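Submitted below is the structure of interest, expressed as structure tokens.
Chain IDs A, B, C, D, E, F, G and H follow the sequence of writing; residue 1 opens each chain.
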């Protein structure tokens, strides 16, 4: 398994948590401290080094807030 | 008298209908009137009535026809484009003389438009888009309380004349809350409907409710019957309110939501020592043409105010019949005109700037 | 002297304006015979459509109303709410039911409305002078398919009974024909069954009646019956498509399994 | 002046509609003219909610508010949307539990209420709207506290009656904050 | 010029449309206009066009919208109740500015009515039953030949203003045969439609055709755009015919079929030395209000003649504006008024009996 | 660095007004990804419905128009006549397609129209605030069935894919779901297949997409996905109901044999 | 088999010949000499004594012009 | 007078529409104003057909005929329906091949034409309408025989051209009958 890189577009995120629920390595969290201009707490990764670059998060994100790459 | 309660317009319409003994409601969701079907779906069965969510507005109006033909007291409601889809049905209901109350909580158009308030369904209501000669009785309340009263009246007129009655309000009246006093339960006057479809029970010849007349002479005779009815309605059922016609320099003509705004505009003008009056048609059909005969020689101009590009102005011109200059001011597309705009247009017309 | 056949008192004596040999007359009579035999004439309400049978109410001796084109099932829905115990039917042509009134019939079935629809499929718009109907056969000439219905341009005919049978609320769906005395006998039995099911309030009942339109088919009444047999029945197979007690969802589930 | 125009806004679920309705209800009990108008429109998508409330001594023409005497912003998107509608010198009730107290308009009287924090202190996050409502009452005197208590008794009936003390507590807490915040720079009676 | 041919109205309409380069026709059968779809089903493909029999009038008008949005030249047709079903569509077409020509071969109403001729769809045509502020351009020919001309004009106006144009005729004109001269093939003027849906081909940003405006301000701005267009049409596209206005004692106002009958009535009156005149609106919207300014002081009365219970009379009253007494005579429900009836009503009004 | 996922250029960068977690966003993206990958963006015309996705044209980077409620298939019929070679789709909700637009969708299938319909079944009227749809499950609470949908009063939900599959002209009918990344992958494949079939002009293509409406279901987006799996899929089985080459009339004939 | 008796209501008959086509003993004919007020040649029986009273004719008659009895 | 108003009626299939159209066509070729109007309506059910033809020197207002100068009844139901519409002294062309010559109105000029019998004599039952048309031409002189021949040449083209002689024959036969029938009691020129 390669090493994934995930980018979140905070402004597009609506904090729906769907990405959180599908990450096989459970590294996505909603950041309760950040708030975007639409008023949502945006999602982000912790321990990005665990990311396997599976793309699940981006696949289910309804708002096109996630891009995934493999290094 | 019942206690004052704070109610949302749409819910008050529904509750009023139930208290006037409406037993059948058919509807298809459309904003800004969804609280009516929602309320009915919850409350009507408790009053021994039936709610059916129709698959479309076409179906809704035809379900209403069925229930009406069967002798039931029926209400339906929709908003502008949904009512547009009922136009064939309106002509049909009139042609078979099926009583029915319809509420159009209108919005800004044309097309899909916006769900915000609008009064651009005046033509739709008073001239209709169904085929042939027919008329809906059209009532235009200006508050939730008046809506309640007129819904009661609508059921009565509808049964009495065997004709659909349309209540024309807009999203503002439908969505807002105001304190109102509701009628008692079972306030609806009931009349016999020997023409209704009930099954003959073997004791009378079959009843037939029909719209088609193959021969021109038959259809013309039927049309004469309807025409006489319409003439009677014109004679008996005009209703309107006037204010300060005796010494008004300018007379506003407005109905529903807009008439409320006029009252504030009149205060603004009064503060500037300009005397203004108001004609507020309550029945839009039959139209209160005679109200214009009450205008005085002090009047210099008539100003029609509508949340449309000017539709009622046709009827005002017919009523004024050349006696005064008639002009129009309005906003449309979901925007609501302000009292200040009205007042300043009045001043412009009167040449006081 | 025994009576083998007398015109039912369920029909008025009014003479119909149907063309010679038109099966509308047979369909009318069968319905009224069944209602008469079940002693339901006094409890029945019927709805005539827009189509040649627009004046059905002149011929049928029960309370009736007219419908705007295609809307009979919605009207019936309204009537049944006011008189839940009446016997109620719509009588509709293929233009009325399968074209402009598609939404209304599908949703009457969807809600499981407790009335019976008699669907007269004569593969054409009779009243308006012979235009293509959704049930017009491929190759059949009509005034709007003068070279014959083209599958490429117009698709293949709709099989309404099969389609309606996929809807849960349609508890009784059957296709019959009026092409011969024996077919007519069978049809009558099916009509009776449908009314019985209505009385039990089990759901929506739908009977498709293969019929003729000699005038617009440009055939004699006798040849029309033959054409019905040789052309319509092969495409519109007779038989029951749904009856109470059938496994839920006769059609879909099976296919869903694929 | 005897015409109060308030816009109350926040997330769906924060109870903003309820706040507006309670004010209108109380106004009605004081025999005032009242209107309440929800935001209805596609902006409902996305979970924000707001309503407009007018309480007045004379009949109300339009329930639509283009210029508000006061705006309640229970969350940040609402602040962005409705702050511009307050008249100069008008009131802004900001739920600073959910956003920073920065960048507010300078020409407004700002009533900063940490509604959620206070609600949590009272042991129930759900009553943040009542905290804010208390602040609105003291800040605007649109209706009296007594009327609002009467409304509570009408609204919380049956099983819900037991919620009254909690809600009163929340309201009182908010009222106090509002009073303090408005004391120096704002004179209730001419609003 | 092409040869005179004897053609049935409906077929001439269809053939004319083809010659004006109509390429797409969508229709649902309804008498008395069935010859139009029948003709189109047979002939349109020969002219490289496409005929589709729609499942309903609702579908037909929306197919027309699709083809129009895609840049095609489209015609649809129906009769009264079928047109009633298109009212939502009409408002929609206007809101998105989709060009389209519609023919209503009207019949006697209301409801199902009769398939015999009638003019009771005037309100339906000119005021519509769709929602919001919108206008169809409405043209009312009085003969098959004029129908042909106006169909050509309709396509042009429709493209030019991006607005639907309605041709309002009745069953009589649709069903009869008269000698006519047809235009050449490819007589239709074509204009560019850069707004049409064609696929971007990767060379331009996507085109969007939209009716919904979520924000009131946006919708109001769009409505202003439409209003300005309507005002321009009112300024430029009024059309009407007058006869003998200079010295008429009585002026008839009638359109379409009825105007033909008036000509005979005028002869009867002339024989009795009564001078009568005629105003024949050709465009029903925009209405030729200015035509009434051409009336002379010799005129004592205006008589509106309609195959309806009196619908155009509203516009006549607005146009006359109190200057002359206006009255109405008509037959309806499929019956056609005779010249004799018209003449004797005119005499009654003038007090010559 | 390899790209696993980037937002397709088939979508504009416009931020949607959909509620958090609403699957409309996923469905939009999948369609546009497929069109982009097939290099069809420049040839495509789409139709947005009346429903929450009324503004789909803001998000999808192709020529599009709006439809009156329910009428998209009729509009598509008109468009396809003018541009027979374009790639054309309608995108419709369950109120739009299965209720008011029943007639239009059935007859697009009937004629075998050569376009693709993406039918977003979220078992509710999203835009108007959560009223019952024809696909609302029995027992499901909505604003017009506040005690839960009653089979007795409202019937059982319509299974559109099964019904459409009985129509000859519907050559490709399949039901997919968006409840998980793997379902989404599968759905995308099906979308691609449908567009390929459209390119071959074989007939009408219909894809029912089981979707969520967290807002009106009153559930969190995650719980909504779970509800879709546990409640919707059992009643609306996933799978193919019709594909080119299937025996004619998959469903009816068999039953006609009874 | 019993002996049938068939009555035709000439005024209702439209001469469609459907009865003719279904009579098992072929005894029904259209009478070209009779014409009813609607202008149709009406059907009637020849050799009525052959009638078996099967009712086929009445069953298929769309216009209710036939009654059948068994003696 | 120069306005001919004819109603032509019979069963569907007897060619009555064609008769009317040929008259109208011939009228057009004579540069007259003409209208032709088919009966359209539910009365089509039942197989009867009729049309109204007007040929006139001046523009025609309405193509609907309430009073006819002449009626052609190709079958009995048509006779019943249209005989009442003939003006007193007007013409009734009756196809007495199909019904008895009894009970006709006494105030009409009756032209009895056994159209089917004559057509059979000419060896083609199909041309009974041409026989009747011939009678109508001589009885009414609504259009000239020459114009009608020209029409035939326009109508029967291609494969149908070979039908012209037969049709002319039928027309002639009818013309003769009409001439004889009308000779004594009727003066064409003032009709």
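Annotations for the structure displayed:
We take it that a residue touches a chain if its C-beta (ideal position, glycine included) is under 8 Å from a C-beta of that chain, and two chains touch if they have at least 3 such contacts.
This one's a predicted model, so the numbers in the text were calculated from it and none came from an experiment.
Least step count on the touch graph, chain D to chain G: 3. Just count the C-beta contacts per chain pair and the biggest one is B-E.
Taking the mean of C-alpha positions as each chain's centre, the chain lying farthest from the centre of chain F is H. The mean-CA centres of chain A and chain G are about 84 angstrom from one another, to the nearest whole unit.
If you average the Cα atoms of chain C and of chain F, the two centres end up 32 Å apart. Each chain gets a centre from the mean of its Cα atoms; for chain A and chain C, those two points are 58 Å apart. Separating the centre of chain A from that of chain D, both taken as means of CA atoms, is a distance of 36 Å. Contacts with at least two other chains are made by residues 14, 38 of chain A.
Residues of chain H found to touch two or more other chains are 41-43, 46. Along chain B, residues 31, 52, 55-56, 58, 81, 88, 92, 96, 111-112, 114, 116, 211-212, 214 each make contact with two or more other chains.
Residue ranges on chain C touching chain E, taken from their complex, read 50, 54, 66, 68-70, 95, 99-100, 102, 125, 127-129, 131-132, 134, 143-146, 153-154. Chain F meets chain E in the complex at residues 41-45, 47, 50, 54-55, 57-58, 60-68, 71, 74-83, 86-87, 103-104, 106-107, 110-111. Considering their complex, residues 4, 6, 31-32, 114-116, 171-172, 175-179, 257, 260-261, 263-264, 336, 338-339 of chain B touch chain D.
Residues 58, 80-81, 83-85, 87-88, 90-92, 94-96, 106-114, 116, 118, 120-121, 123-124, 127-134, 211-223, 226-227, 230, 308-309, 311, 314, 317-318, 320-323, 331-335 of chain E are the ones that touch chain B when the two sit in their complex. By the touch criterion stated above, chain C contacts chain G in their complex at residues 1-7, 11, 15-16, 18-26, 29, 180-181, 184-185, 214, 220-222, 225.
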